[in-house]
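The next part holds the structures, each set out as structure tokens.
Note that chain A is present in both complexes that follow, paired respectively with chain B and with chain C.
Up next, the complex of A and B:
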């Protein structure tokens, strides 16, 4: 571990500096862990892991209680049950089953990565995008309409694919910018507008598909609440044989597209002037305005991009070619839209982290369905367990803060122990809480993320 | 002075012995001992963050010390919260008053200990006691006026009455003069002396040396959380105190050559800004100019439209129709903030946490807050972090901005003084023709104030125009080349610092006098 005492910081102290106290290096026995904890990123990862473990523990307790009280379930099944959930696709049975489930899991992760990115980007700008489900629906509709409308053969099918994808993205962008617009110009809370646009989207999509009738609705099969698969029109995401490799699953390259977008987003947020502005607006919109940034434009842009991301996720899902899209969406909003929120929270709004947290959520989800298939627990138990684990993802911020607090306490203890012993390593100054009336006005407008 | 000494063995009414209070990463009070004699006014002097307020918060029960004991009349006491402090007769007037605006003075005074019969208030009794107290101590208040309608001075007297009503013997004043006009300060000094004569013991937190010299009997000096010493005021001088406080000699007067104004840089023409809080205009038909190489200072009591005036000039607020703003001859009334920044307007904002800094950004990111988009720091939309780092290091060196980890320190974790230095570095290093500085030294200690003043004068000498808004009359007198007094949104007087006095300015600031508007525009 890095010895904090090595930090080549000058220990200045002179007249005008106030409240200066060295924090002695705690390099000794406890040094390793606590100096590791000092890294913000490490704390985020630990917090997320702790949350997941907590969720698993509570999920296990639920299983245990159920097995005790339900007559047809033995207590032993609680243990095998939690193992099945944790096994994800690997508890799927034979090797081929495992491959099949793994392939599907990776395919299904792509839309979730996209909605996770959507929520995470909004968090970075200090906005709460709970409108991802609506943006997702608009994206699905846009992609499906274009993919099924352009006659096969008139242009190469990959061109149709790209056009369909872009149409979905543009629709999502427009949909996302609506709450952004209201927030920027009328200061209407984006959560309210997002929720309304969700249901408007759900009804608009149902209405448009119903109005177009059997042009898009799949009536060949007896059920009539699904839209035709895009493969009917020869449009499907490239697989490069991945589907064959994974036991004829749905696996295609969408997860790689989503991951590439995540990396691009990471670069945009952290390396560009645009990302710098977005974050500044998120952290402190007053200071952004003071510095001449157009905070209204940035809010709308952030929401538009968030909408585009969620819609892109929907397009990736629909354009796989073998997915049934249920068109009477006014009944329920897509779960992947909402699940973007725990994905972003679990990832601490880091775009790269979103890739992993989305895959993890899908992994547990597959484990959940295996639970229902392989034990006497009924099919309602598995979503419950998955929900408990997702629920705990929301605690990551709390755990992160607790870790930081713990760290401070340790620093104080070490401080007291060797008040003169170790050479001072770093100079730490606390905020002036005495005179500065300016400190009374604190910005509280923040998203869930505080990196 | 200690007539009442017979009612206890100890000569001290309060003894705080070897108090140590630790916050994460910092020892705010390190083995501090403070003894308060009965009936004395004891000043507590120190720079920002020297630990004055922390020490008083320990006495008032807001913080628990890690080490050390507190004795009242020679008996050891433990003060867990302000209620304990109250029970021991310790009262505090906070820097920002804790009053309910929509209640009357009387209601505020009895709040929390309302005399009642079965839940029904008995206000008559309370009123009698309040009137008696205000007569005895010369605290002129109207018990039936609502707090929102009375002056800051009367609000402060209400706070004092609150303490007296609770029969407090030990009165803590946390920077009581920060919000007052010179006349009100004189009045407060008289009141404090009166209270001490009546046997109350007073702890008086301040970093204003003049006031301490005038009113205090003894003074305890803290520096960086450590005890420096306790001196009798009659045996010391202002210079000696400041040296104890800062640890070196400090210049009080600002060295500056006479100003040599050049071309007009800023012209404010019939500017009107609507108020967000009341029906009257916050700024009402204000006109003035600022020229190259001069420091024009807007003096006034807080809340008389200075904030709105500056916001309208810098673009944070929109002026009403009919207002006009010329910057270097160009009409910029409706130009964007960025346009103004790029054409050479620098702004040291009043509220450094709200406007001046993105607290969750690092120091280097904050130093390019207005320049990140310039070709120097970006190429093709990508920020050149290497160049940002070099630039930040240059400013940190040049302006002596101190922080834990240099350029990558989170702004939030920096001290108030260094945050301010960072803003000043950013605003002054940027090419500018006009510097708008609003209370640039607020909350800073003498050492930092000296530095800020030097920088502002240097900026003026380099040819830029400076518009300074300050609530501190000393600063106004020291720094400005021309003074405009603002009262209720209007310019009520224009002065040269050499031709006026603090007292005269005070009268204009309080609205007691008004010059007829000088017609620089037809």
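Up next, the complex of A and C:
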């Protein structure tokens, strides 16, 4: 907070924005909407909404085209189809089905929030964590090994739960720090190391479970490709009756845990010196080294925390108690790991935004499976829509810039009207700029998160 | 030994061609993280083409022709698909990593969506089909040639025609990017686009060229992968081969020779995991399966290639030289 470099950095990044603010008499006149638009955060949200709408539109066009060309599908089905996708769990049928799907959706969002946070934190520190699937697998393995090997009754089961969760997190932390280490000390691109560690993790996990033989493998239910559910050992995330409330779904408190972690992460990134150092290393490694930060340590720490987050997501999923975990030969890596990337992108790497974008992704996913169940379309519409949304998310900066430009234009117009007759316009603007640079800094420090 | 070299070649060829694809776009200044997605798309369209062609007995009779046609279709599809990336990265100056990630998600979604709609399955197989005499013929595009000296057997027995085409393309394109005027211009755009523009080079055009060539090669590589390694089945995934190709490109220092070396090494290590139980040496008239006898699990051999890449990277990274301007949208006014 006291760091003068922070003010300088922020000053530079939001320079154009302040020019807009400095125009006099504008806020009062042009009403609520444009004064809202002046906030960078609001502009980000608008940009994300535009992306989402674009994605949905493309999804609809695909359904429409298909209904025109395919003989067995009527055009009307395209309309009802997109409605089913957008309805998410609410298009599930009867009230009980809706509750069941809603509960499952909220449960499944928790791991996705965690992997989204993992990718988002890495983005904030200038790294691309494509290694979340590997960290996820390591976390799952750690959590399962501990949850299933401490004998039931020797310690209270919530202690086992906590131990299992922490083991998973620590394993993920170690796994995540490998790319960080390679980046910091060998200057190897973290993307390539992440990809390698993903596949190494997949094989290590299979190997270890294979080596432990029958101990953890679910032979009783003849699901030999899967590990025993943790409820065999009496370990399950607390539900406080939420699962009953939501029609016996898998709903437990994991989404609240994940959300709490998201808020903690938000505070860490935006309000602490440590978070600031991490971000600074992302902006400019050399400058932060010059400013006396240990940039190597920060890179490794950032990746370690990212790994811990992804692994925590896996632990939350496995420790639910009723989930199957596939241990045998992986041909593909866990989807929740990769889906952390779109979640983070859609949220603009904001930890709070990650909560909502993860839930949104699962929401669309549930809509997709309802679509497959109820019409002749299939569930792959949902990933299609999400992919298009991410494609548009690449333009979100463009959209934001456009909004800012429009705002500036409107402001200049208002200013011209304002100054006809009164003192010369140029002088007012310059004067205001100098005033504002002081107040702008204060606002930036208060406002915290801008990007 | 011959068997091992043949297998190595089969694994190495898709990696070789896709890593070259990555090189072409990165040398022009565009990070192509979408290689995996383009491979999936090319594989899907190529498989669809082969599937449709094989409904006509003529194309079942002429296997090699069908193979080449499907490869061409796959390459064209890849090139068109990559335009999505180049449009967002060049015209709209969007973040190239985001665009690439979107393509990586888009390709399996499109492939699986279409396959499921038309075939009610999660995969598309280039099936057995009747030839002109009415006999059912397998999808088998292998050139069989038994009576050859051992050295020639590696290349000319049980080989795929794609292997020769891929090697030919690789050599041709590697030479082109280093010896022609266009190649030099393309490379300049990846190093210092403003300087290139100052001598009259159209940076955007060069970058479009690089990405499109990259897309075509990646689509081709994707089809070769499913036709030779994955038993002719398009599933909306290529087992992360696109990402491996990126790794090999970085490993090969963005240079053709390094890429060739890297993909051979990686292809060898990768095929080890598949064939280690069948490897034997003949000592005193007795076949000894030396790797099988070690009794290590398959997972060990599967993770060797990845560990090997990490170790090699750690030692060679000091001389790593990425194109300077890669990933940065071209801005005329910037210096």
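Simple rule for what comes next: the second predicted complex is superposed on the first by the 342 of 451 C-alpha atoms of A that agree within 3 Å, B and C clash if a C-alpha of one lies under 4 Å from a C-alpha of the other, contacts with A are read in each partner's own complex, and residues count from 1 in each chain.
Basically, a contact is a pair of C-beta atoms (placed from the backbone, for glycine too) under 8 Å apart; a residue touches a chain by one contact, two chains touch by 3 or more.
Treat the numbers as computed from the prediction; the structure is a model and nothing was measured.
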item: Which of chain B and chain C A:393 touches, first, second, both or neither; value: second
item: Touched partner set for A:263, first chain B, second chain C, both or neither; value: neither
item: Which of chain B and chain C A:159 touches, first, second, both or neither; value: neither
item: Partner chain(s) touched by A:289 [first = chain B, second = chain C, both, neither]; value: first
item: Touching partner for A:75 - first (chain B), second (chain C), both, neither; value: neither
item: Touched partner set for A:271, first chain B, second chain C, both or neither; value: first
item: Partner chain(s) touched by A:280 [first = chain B, second = chain C, both, neither]; value: first
item: Sites on chain C touched by chain A in the complex; value: 33, 84, 88, 92-95, 97-99, 101-103, 105-106, 108-110, 112-113, 116-117, 237, 239-240, 243-244, 246-247, 250-251, 297-300, 302-303, 306-307, 309-310, 313-314, 317-318, 320, 322
item: Contact footprint of chain A on chain B as seen in their complex; value: 22-28, 47-54, 66, 95-96, 175, 178, 224-225, 246-248, 314, 316, 336-342, 347, 349-361, 365, 369-370, 372-373, 378, 381-383, 385, 402-406, 412-418, 442-443, 445, 447-448, 451
item: Chain B contact footprint on chain A (complex, rising order); value: 7, 9, 12-21, 23, 271-274, 276-277, 279-280, 283-284, 286-294, 408-409, 411-412, 415-416, 426-443, 450-451
item: Residue ranges of chain A in contact with chain C within the complex; value: 62, 66, 70, 128, 130, 182, 186-189, 191-193, 195-200, 203-204, 206-207, 210-211, 329, 331-333, 341-342, 345, 377-378, 380-381, 383-384, 386-388, 390-391, 393-395, 397-398
